[in-house]
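Chain lettering (A, B, C, D, E and F) follows the sequence in which the chains are written, and residue indices restart at 1 in each chain.
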Amino acid sequence: MADFSDTIAVCPGTYDPVTEGHLDIIRRATCLFSRVVVGVAAVSPRKDTLFSAPERVTFLRGSLGETIEVDVFDTLLVDFARKWDARALVKGLRAISDFEYEFQMAQLNRKLASDIETVYLMASPEYSFLSSSGVKEIARFGGNVNDLVPPEVARRLAELFQ
Amino acid sequence: MADFSDTIAVCPGTYDPVTEGHLDIIRRATCLFSRVVVGVAAVSPRKDTLFSAPERVTFLRGSLGETIEVDVFDTLLVDFARKWDARALVKGLRAISDFEYEFQMAQLNRKLASDIETVYLMASPEYSFLSSSGVKEIARFGGNVNDLVPPEVARRLAELFQ
Amino acid sequence: MADFSDTIAVCPGTYDPVTEGHLDIIRRATCLFSRVVVGVAAVSPRKDTLFSAPERVTFLRGSLGETIEVDVFDTLLVDFARKWDARALVKGLRAISDFEYEFQMAQLNRKLASDIETVYLMASPEYSFLSSSGVKEIARFGGNVNDLVPPEVARRLAELFQ
Amino acid sequence: MADFSDTIAVCPGTYDPVTEGHLDIIRRATCLFSRVVVGVAAVSPRKDTLFSAPERVTFLRGSLGETIEVDVFDTLLVDFARKWDARALVKGLRAISDFEYEFQMAQLNRKLASDIETVYLMASPEYSFLSSSGVKEIARFGGNVNDLVPPEVARRLAELFQ
Amino acid sequence: MADFSDTIAVCPGTYDPVTEGHLDIIRRATCLFSRVVVGVAAVSPRKDTLFSAPERVTFLRGSLGETIEVDVFDTLLVDFARKWDARALVKGLRAISDFEYEFQMAQLNRKLASDIETVYLMASPEYSFLSSSGVKEIARFGGNVNDLVPPEVARRLAELFQ
Amino acid sequence: MADFSDTIAVCPGTYDPVTEGHLDIIRRATCLFSRVVVGVAAVSPRKDTLFSAPERVTFLRGSLGETIEVDVFDTLLVDFARKWDARALVKGLRAISDFEYEFQMAQLNRKLASDIETVYLMASPEYSFLSSSGVKEIARFGGNVNDLVPPEVARRLAELFQ
């Protein structure tokens, strides 16, 4: 077998904004792989982002500490993974949320780069209902999102929608 | 971060019998983790097995070579994982096949052992329809299962159902 | 136990426009709860509406009669429910349509207001395929929607798309 | 409208054995309906039960207190509901677990008794992975089920499988 | 193109017993294909049947008239299809009921016989909740199944369970 | 029975652009029905198209040869089917992708035209992850789509996004 002492994993996403559910997946990934890089998609394939890419990166860095890299990408995800020598992509599955989209992207990514594997972790039950868009919808109407996102994100959302 | 130079993963299953789909998942797991142990459940929680546990182990060993351990367990899966110092369980997801059962077992296992993570790999498309029970059903009626299972398994199935 | 002689339920939706499927759920809700309030979301979280909020209210009032309140909201749904002292939100489930979205919103709403419960009724089979967007798509091409929506709605759709 | 000061709801199940997830649904039902009756199916349509019906009733009564009725039925569920003058059946939905079976039974029951409505509550996230069969599987191998079932049930399971 | 004036389709199933939902699918198949053969699986892969194969055939013949063949098979389904020169298998999909099993069997059958295509019809809404096992469960408790199965089947079920 | 020597089927879609998965379904349809017409929706109900309708038709004609008609429609699908005297609509199902949307449209179409049947073929495993939008997303970032679409489409995508 090859030397696996340095399997690198990428946790990709739009993180618009990062939620406690995202952080849970990223932290669990660090228990499995020797190094984890959070990849922030500069643009969302399906809709405009509320926060700029640098803002989304700042939220992640503020929540994750210095041992986890955070990097923006505006390329194919597999090209981003190769840039970091990553052999694994790590995604969370919330029940079957996004399952269809993830399933298709996993197979497409293997077609594009058969040496990179996508691995899935089941969302923790307490975050299984949590999404960035749900958070934004609540914040838009002045609801309390303190348990759902890091404090800095909650503060910015309150500023934006007050 | 801890030293991850030896993350061990368990690929659990009943393997009654092992299929090419199982082998695909196990081989992909070996590209992610430094050591992979195949855990063979002695009994199936839901039905009687066609093959004895030793036979199922023999099929796996014959297909996998010597670098991958194969071991039987008749305990809680998390206790088996601990015996091997494994931090990860690896399972395949075929579309939403078994998804419900897997989702529940993943959460239960985290409840029982929060330090052990279950990770999922999407089944390769060419094996996404493949299950041990489908193979047995075909073999029972004399159908050709040569592309679906290792040669030794195909031979034994032919003997059993001829 | 508390005095439950006046459990109030809210049937929330965009109702753009109301369909026979919506009316079926609302009427079934009136058989379970002592008072039902139809809550019309002023704006749709995911897309522009075809009809203005007052028009959508008019369609609902015309179809439901005077015993059922119809009210617009432009707040968090749980705040709307509290305004009406409602203890239940009632939604229809068409197979797994919208199930993901509903599941997440139900959990988020419980997080925001643990005293308000979302209850689901299975859509009647004859309406299980019916959605406001399907109706609009058919009407856009001049198709017959007479069995799918109240007469007043069918008339307005014909005017709009003729 | 009719007088709804006494809408009665039945929470049916096999309860073999009752879990914390069942209790959560039953308690939430008591916040919606003026009276709740727990209906224990004498036999399971799909498999043998581990506990006798009287034992299953005892577990429920011990956990629920005296204000909630517990009653065994060996008839059609709708006939049991009618016996108690119940207008609602209340079931929990864990993601799409049992969804298929529930969907079919709901429609069949409406066909058999159009005056009785089945309403669904989403399982609380912390119980969304919990099932009687999962509990039994863990207990069978000596796992700890203390957080998953009432104490009396945990004690009996330990006796059975030690 | 080949001469398609005689595309033959097989409607396979256990039909234990035939329901109005099965008859709906079979009749719709006769509008698409020049000849339809109903294939009755002698044994069910997953459970014992309530009715013998000859009884199940008799129910089908009594409901379908003489222009539709009914034949028992105890072989691989694709071998049965070949015996009848059928190019298509026709199955009903009730929401996602049985979808998993069907998806796997479709792919396995194409692997075994790439010249035979499985086509799916969506169950009519009014039968989307209907299954042989649901019917048997209702009949077992004396419920009325007259709208769900042909009269002869209803009569036999009443005899069996009275 | 009627004369079925000329059952005509329509394969409808937006085909923006056609993929190998679409071509697989169309070709399999030609093995079942005596004549197949590919119906190209002029506009997509849910989003803007990347390619104009004439371009999408050109891609299809270039890939399919002369025996299969390709025609644009800007009407209800059932009206398009009637124009061609088609008795069947043929769609592919990729796992449960689009299943919800397809299920609703199938039932709506039967409501609008009960004489026209929608039949589904399961996507071949190797194309089960393939969608026009996935292809466009890959092409947008310069990824290789040669195995996923016909050569002419790959060339045009490269031109557009280089």
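Following the convention adopted for this analysis, a contact is a pair of C-beta atoms (placed from the backbone, for glycine too) under 8 Å apart; a residue touches a chain by one contact, two chains touch by 3 or more.
Bear in mind that the values here come from a model prediction, so they are computed numbers and not experimental data.
Chains that touch both subunit E and subunit F are the following: B, C. Think of each touching pair as a link: the shortest run of links from subunit A to subunit F has 1 of them.
The angle of the rotation carrying subunit A onto subunit E, fitted on C-alpha atoms and rounded to the nearest 5, is 180°.
Matching E-F against the pairs in A-B, A-F or C-F identifies A-B as its interface repeat (over half of contact pairs the same by residue number). Here the spacing of subunit C and subunit D, counted between their Cα centres, is 29 Å. Spacing of subunit A relative to subunit C, judged by their CA centroids, is 33 angstrom. Remark: subunit B and subunit C have CA centroids separated by 46 Å (rounded to whole angstrom). Residue positions of subunit C with contacts to 2 or more other chains are 95-96, 103, 106-107, 125, 128-129.
Inter-chain contacts occur between A-B, A-C, A-D, A-F, B-D, B-E, B-F, C-D, C-E, C-F, D-E, E-F. The residues of subunit A lying in touch with subunit F in their complex are 45, 75-76, 78-79, 100, 103-108, 111-112. By the touch criterion given at the top, residues 1, 4-5, 7, 28, 30-34, 67, 87-88, 93, 95-96, 99, 103, 106-107, 110, 115, 117-122, 124-125 of subunit C touch subunit D in their complex. On subunit D, the positions that touch subunit A within their shared complex are 95-96, 125-126, 128-129.
Remark: subunit F residues 94-97, 128-131, 134, 137-138, 141-144, 147-148 touch subunit A in the complex.
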